[in-house]
Amino acid sequence: MATHAAVQEARGQAAGDPSIVVEGLRKSFGKNVAVDGLSFTVHPGEIFGLLGPNGAGKSTTLSIMAGLIRPDSGDVKIGGHSVIRETQRAQRLMGVVPQGLAVYEELTAAQNLDYFAKLRGIEKKRRRQEIEEILELVGLSGVAHRKVAQYSGGMKRRLNVGIGLLGRPRVLLLDEPTVGIDPQSRRHILDSVRRLAESGMAVVYTTHYMEEVEYLCSRLAIIDRGRVIAHGPIDEVRALAGDAVVLRLPFPRGVLDEAAKVESLQNTLPMPVEVTSGELRIVLPQGSRQAPAVIEELQRHGVPLDGMRLESPNLETVFLSLTGKALRDGKAAEEGAMA
Amino acid sequence: MSTFRRVATISFNATLRTYLSGSNLFWIVAFPILLSFLISLWLGSDGDTAVSRLGITYETPRGDQASREFVRVSKVFGVYLIFCFSTLLTRAGNLHDERRRGTLQRTLVAGVPYSEIVAAHLVSLILVGALQAVIVLVGTGLLGTRWLATGWGSVILPVAGTIFAASGIALGIAGLLRNPGIVQLLAGGAPSILALMGGAFFPLDVAPAGVQRLAAVNPMYWAMEALSGGFVYSGWASQAAPMAILFLFGVIGMVIGVQGLRRFEP
Amino acid sequence: MTASIRQMGVITAHLIRKVAFNPAVVWLIAMPLVIIYILGITMHGLFSAEFTPVKPYRIVVALPEEAGFLVERISRAPKHFAVEEARDAQEARQAVFQRQADAAIVAADGDEPLTVIAPPGSIVLEMLAGVVQASLEQEAQQVAAAQPPVENGSREESDTGARSAGAADGALSAMPWEGVGSFEYFSIGLIVMFMAFASHSAMVHCVQDRSTGAYLRIRALGVTRAVYLGAGITSGMLLGAGFSLVMAVITWTLFRVVWGNAAAWALMTIAGAASVASLSFLLTALLPSDPKGVENAGGTVYSLLAFFGGSTVPLTIMPRWFSEIFSWLPNRKMLDGYLKIVKGAGVKEIEQELFGLAAAALIMLGLAWLVVMLLKREEV
């Protein structure tokens, strides 16, 4: 994993000019600030992660980058072309995989690809070949002539990614491409993205699964409510958590005085305490040496300690220690558990 | 890729998808034919009140037998009008549908300007309308409606005017409303009421003066006028005015639609 | 047993609440009211015995002196006809052709004495033909009285003409809509139509529950399938009847529709609600797990029934044979029953309709049950 990131970084620096430059993006909807001063660059061959919980502003950022939404201020340059002033030139260089399933269910995968390929202006001969390649890459060759409506969720997601690859773009923007699918499809998509980056594509990958960022990306930005809370190479970001570890403890629902207990714990313990989908998480900023005191407190509250463990620093710990809340809300966590 | 090619690709795709759905096929094609057939059965009995009796001969304004077919043809045409409007109004939501699915955004990212997408949407409405007209007219024609009794112009002009007006109005509706439920309700209810109030099933003479005046802003009334102009009166000359009004309906709808859809531009 | 009844009550109340407190209920009430209003006003003339056009029809005549009686006769109805004389037949024809006049009467060249020129199927043609025929008959009788021996042919012809006209009149007075105003007619027609939609929405919720898994949750609590389906039908019936009641009150307030004998109305409403609920059940049985499909199927079937059963296209403008071949439809039975009640019928006079509806309800329930049994999968 680390080597993968290192190779990517090396590739990025060797390639010179960045493919994507995002500068001071700001966008609000009414009073709600969705993106608040976001800047980053991505080099060819690099996968840049945008990690954040639901509502963090990831999709808004990607829509701005795709030229679909005007930012209030800031600019995005794709291969040197501003998406604001030269929207269509910039768009020609990129492929976009939207968060929703933007495919025609009443058509087949081949028809979907052919349609968008035509609109991208790919000529007939190249179109055929490219569609075949993409079908192969996303693993849908065998079912290319079946209606998308009959596909499983994972197959639809893979087609959704495939359409974004039309026209061999230099820049690929993916918006949570693996939400709610089976592990095989997810694996397939992650590996495809990796291979594409290896062939020199610059990729922006948004997600709320930190494992995916750990697996794919060399650099990332963690955002929350539109604001960047951490930004840089993955090892540096991970180190932001310092010595912090997370104490995790199964906390079954239905315990009578659950809410009261949590509240009381939150009041007595000096560190963030969180309950998500049946799990209690407590950040220990100074590392495991704080554990005994906390465990004592838990016992005093009558919380059963079965299944307790300490987690070493990772992106999730970073997020938790910087914001005091879990990266995934309850619903997203359940989705993750299903996948 | 040229603008023309892109518009053609998008509108072809939208039209194709319209006909790929089983329920659409039923509503757009089979049901109108079935209903028109039943209506022409219904009319089998009456229609010709004008047999000579007691030394009186009945003559149509044009003076030929063929224009008597108007009685039957006009009722079937009334049913066609309802289906044309309800089909095209239903399809009006198509663009908003694509926005919800994300395929509109995807098309934009492929480098297609929004104006071309709107244009393609309009072309697709007209195509769906034209295809439906051909199918329903041929279908009911085979089942006994004598559409061509007084020549091609009598039918083609009113049908073309209707499709143009209905497509324009549908685009206008898309520009004003984006709630699919409301568009659906409108598409289901409004056409039959418009047809009744436009004199498609019984002469408007029986309606009070206010309702008769209201017919002036009812495209279906003018479609019926264009039909009777062709079948009963002087043909081209009496079809010109209603055709011009149908055209105006279409243009006004399109202007409203284009302006309104611009508001929703991503 | 009591447990089942209690469960059924709970589910029924729940389903009714889901429909009645849904914003869509506003449409269910507002839509038919708007349509009643529009159709009531538009077709007012079709339902009143005396028809007078908004403006008198312009009639151009080009007739020889002997036909003066005809012009005189037509001019006697100045509210209906405005008569103008043309120089010759050619000019009269042109006036109609150019739409400067609504109709023309000219002397024919052949053996027939008269030609009436008017658009086919128009009201002016009907009316003018009636008047011209009547006055020709009258004239012929006068001539016959003065000069006994005339050709038999025309005599006979006028007799049959008179007889058939009389027969038509007699039949007309027996028609169900006779003596009912347009607002009354369409209030009945649209209540009958939308009662089905109201009732159907309960079943749509049932199918929705099935597709979301709420049904399984309910079954897991020990509710049997029969209880659940029973609750669906019961709530459909109650919703249909409730809708009818609400609409009766509203149409009485807004359109002054007087609903007549309360007992007859109540029986009719219950029988009608039973028939729509069982029809809805039948549709649901055919499409057990597709809420959108069930909703659309309801829309299609009920619109068709309304069309053929006289709800949207009134019986007045249907040819008689056409309305007769559809008189067995349950919604048509309801329409006929309510029409009778509005005209003052009691329970006794609507017995036939009540039995018809009850039979229809039983048949459809039986069919639905059969379908449910046949399509039964692993479920117990």
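We just call them A, B and C in the order they show up, numbering each chain from 1.
Throughout what follows, a residue touches a chain if its C-beta (ideal position, glycine included) is under 8 Å from a C-beta of that chain, and two chains touch if they have at least 3 such contacts.
Computed from a predicted structure; not experimentally measured.
Chemist: Find the most central chain, measuring centrality by the gap between its CA centroid and the centroid of all protein CA atoms shown.
Modeler: Centroid comparison flags B as closest.
Chemist: By mean C-alpha position, what chain is farthest away from subunit A?
Modeler: Taking each chain's C-alpha mean as its centre, the farthest from subunit A is C.
Chemist: Counting only Cα atoms for the centres, state how far subunit A is from subunit B in Å.
Modeler: For subunit A versus subunit B, the centre distance works out to 48 Å.
Chemist: Roughly how far is subunit B from subunit C, centre to centre by C-alpha average, rounded to an integer in Å?
Modeler: Chain centres of subunit B and subunit C, defined by C-alpha means, are spaced 25 Å apart.
Chemist: How far is the middle of subunit A from the middle of subunit C, if each middle is the mean of its Cα atoms, in Å?
Modeler: 61
Chemist: Using the touch rule from the top of the page, what residues of subunit B touch 2 or more other chains?
Modeler: none
Chemist: Would you pull the subunit B residues touching subunit A in the complex into a rising list?
Modeler: Subunit B residues touching subunit A: 1, 6, 9-10, 13, 16-17, 20-21, 101-103, 105-113, 266.
Chemist: Show me the residue ranges of subunit B that touch subunit C in the complex, using the header's touch definition.
Modeler: Of all residues in subunit B, those touching subunit C are 23, 31, 35, 38, 41-43, 45-50, 52-63, 67-68, 70-71, 74, 185, 188-189, 192-193, 196-197, 201-203, 205-212, 228, 232-234, 238.
Chemist: Using the touch definition from the top, list the residues of subunit A that touch subunit B in their complex.
Modeler: For subunit A paired with subunit B, touching residues are 63, 66-69, 88, 91-92, 94, 96, 98-104, 106-107, 115-116, 118-121, 163, 166.
Chemist: What does subunit C use to touch subunit B in their complex?
Modeler: 27, 31, 35, 38-39, 41-46, 51, 53-54, 93, 96-99, 108, 110, 112-126, 129, 132-133, 136-137, 154, 157-158, 161, 296, 299-300, 307-308, 312-313, 317-319, 321-322
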